[in-house]
Every structure is written in C-alpha cells, then in structure tokens.
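First the structure, in the form of structure tokens, and then the observations on it.
The chains carry the letters A, B, C and D, assigned in the order they are written, with residues numbered from 1 in each.
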C-alpha cells in the first residue's frame, strides 16, 4: 500500500449508503480472496481458480465504480479543471 | 464463489515454488483488501482508494499469471485441442 | 455501428485542439489496422500481430480519453446527476 | 508500428478459414475507425463515440483471439517451454 502516513486526503462528502455498501462488498471480496487461497492450497484446477480471480477483480471494479459515483456526485461538481484532470488520469491509468 | 461442492477438478501438477509464491501473494492481497476497507471506513479521498484497488487488481492478475504459467508447463503440453479451447475461453472471457 | 440515423446527439462544445488531434490519431489508427491486415495476409507470427493489435487498442483508448477530457470540461460541469450516471455507465461498461 | 524491416517471423501454419475470417474482420474494423472519425468530425456526443470505440476495441480483441486460437492449434503443440513463456508474456502484457 503506497499510502502516505501523514494527513491523508479525505473525501469532500461520502454518501452513507455508498459507504456501507462498499464496506459490505469489501468484506465479501476479502472472503473471496481467502477462498482463492484455499483453492490454490488444494491444488484446484487452474481454470477454476482463474474464474474466481476474475470474479474478485470484477467485484473490486464494482467498489471503484461506487467510489467514482460518490466522487462525481460530491466532488467533481465544485471541482476546477485540475481535479477533473486527476479524475481522468485515475480512470485511464488505473481502470481495467 | 460458483465452485461446485462435489469432486472439484484438480490441477495435473503444481510446482511447489509457484504454489508457495501464490499463497504468499494472496495473503498480501487479503491484507490489501482489508486496507482498502479501512480507507473506505476513514472516508479517504476517492482517487487514493481507487489507486489501491487497481494495485490489488494487478496483484490478482499476477496470481492468475502464475497459475497460467503452471498450467502451460504441466497441462497444455499433453493437452488435446479441447484443453486449448478451454484455455482460450479463460483467456478471453476472464482475463483483464 | 449502432448509430441511429435521425437526429444524432451532438456534443455541447468541442475544443478545436482536441478535435483535430483526435482526427489525426484516428487517421493513424486506420493505417495501423491496414498494417495489421497486411500482417495477417503475409501470415506473420501471431505474437507480432497481437502486439500491433494491442497498440491499436491503446491508441483507441487514447482517443476515448481525449473525448472524455472534452466531455468533463464542457458537459459534465453543467450536468445534472442523470448525465453523470451515464458517464459512469460508459466508463465502467465500455472502458478497458 | 514497431515491426522490424528484415526477415519478419512467420506463423508455423495458418488455417485458411481463420485467415480469411480475420481479414474480413479487419476490413470491417477499418470501416468502423473511419466511422468514428466521421463522428468526431461531426462533433457527435462523446458517449456515443466512446461506445463505438469500445466496439472497435472488442472487434480487435476478436481478431487477437482467432490468432491465438491458430497459434495454440499449430505452434504451441510442438512448442518447447520457450514459446510458452512468450505466449504468457503476450497474454499478460498485451491482452486487455
């Protein structure tokens, strides 16, 4: 995790519903990752594991989608072009 | 997890080094996912969370890469075309 | 192309520089696609063709990035939540 | 296009059906790219263009899938591990 220790940036505002749904999703993803580890441990068939990995990746994508939804709702509207440029960078560098 | 309960398919063979490295990676990814949940909990800035999500997704991709390496080494070589068709399906449906 | 014939939606505003750079990019991509067809015609090695395909895909991603930049600059700012929802849908359904 | 001028590598063997279907696909993709350029020229709505770009990207992915199918059929079978390593590199570096 490349997060800086001091004074992490905070969201302008966070919808309670989005936050709680994201925490539930992440909890489920953590379980998925543990399940994948178990499959590796049991030497399960490669294709079956890769499908579970793809599913965890999609689930992470879902969390990032909700974060972006919250961002567009609360931040992007009062944001100058600089913030939009950053948003664009995130989208195109990190979104797959 | 859409894994069938009875008689899960097993890998033909698994390299001990690949297995152990994958288990280590998955352990780290589980920690990453917990870290992301903490960031959501603390209402950290959306862009910073999305970067961590992207990093977890890349790490999962790394595990899938190692599984595929093991698969190509041990399975695909004695594989009839059927296995190759399946390999192709995995690659194009599930790999992002 | 699933474009509707009558009354296509127009951009609110288009930066001349973005438009001209995108037209140049697309012109180059068209040439890339022709080059890929030539490689297929000449039965070139699969890996070498796939690398060129990846490069054309990245170039298309570049065009979509510029379109999104223009969109965020001119449209998203005076946009109600509906438009942002659409933006989000595009990003997460279509962006790879 | 980063293709080397001299002595390009050739495919071991190419299925006539795959080759002809890929040439047809690429011809269609070239038309798609021209259509996208026309949409940019006419200042069409960003979302509508991005959907067409995504469709061209998917179509390119289809060509790469067929190339990989041909590769797995003809090359990977008599392939030492070297070719498999290369296959893996293509898959994980270039496939999105």
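What to note about this one:
Everything that follows uses one rule, which is that a contact is a pair of C-beta atoms (placed from the backbone, for glycine too) under 8 Å apart; a residue touches a chain by one contact, two chains touch by 3 or more.
What you see is a predicted model, and the numbers here were worked out from it, not measured in a lab.
Ranking every chain by how far its Cα centroid lies from the centroid of chain C, the top place goes to B. Counting the residue numbers used at the interface between chain A and chain C, over half appear in both copies, so the two copies meet with largely the same residues. Chain A and chain C have centres, each the mean of its CA atoms, that are 25 Å apart. Centre-to-centre separation of chain A and chain B, using mean CA positions: 16 Å.
Rounded to a whole number, the gap between the C-alpha centres of chain A and chain D is 30 angstrom. In chain A, the positions touching at least two other chains are 61, 68, 87, 95-96.
Chain-to-chain contact here is organised cyclically: the chains close a single ring, every chain touching exactly two others.
For chain D in complex with chain C, the touching residues are 1-3, 8-11, 14, 19, 22-23, 26-27, 29-30, 32-37, 39-57, 60-61, 63-64, 67-68, 70-71, 75, 86-87, 90, 93-96.
The touching residues of chain D, when paired with chain B in their complex, are 61, 65, 68-69, 72-73, 76, 81, 84-85, 87-88, 91-92, 95-96.
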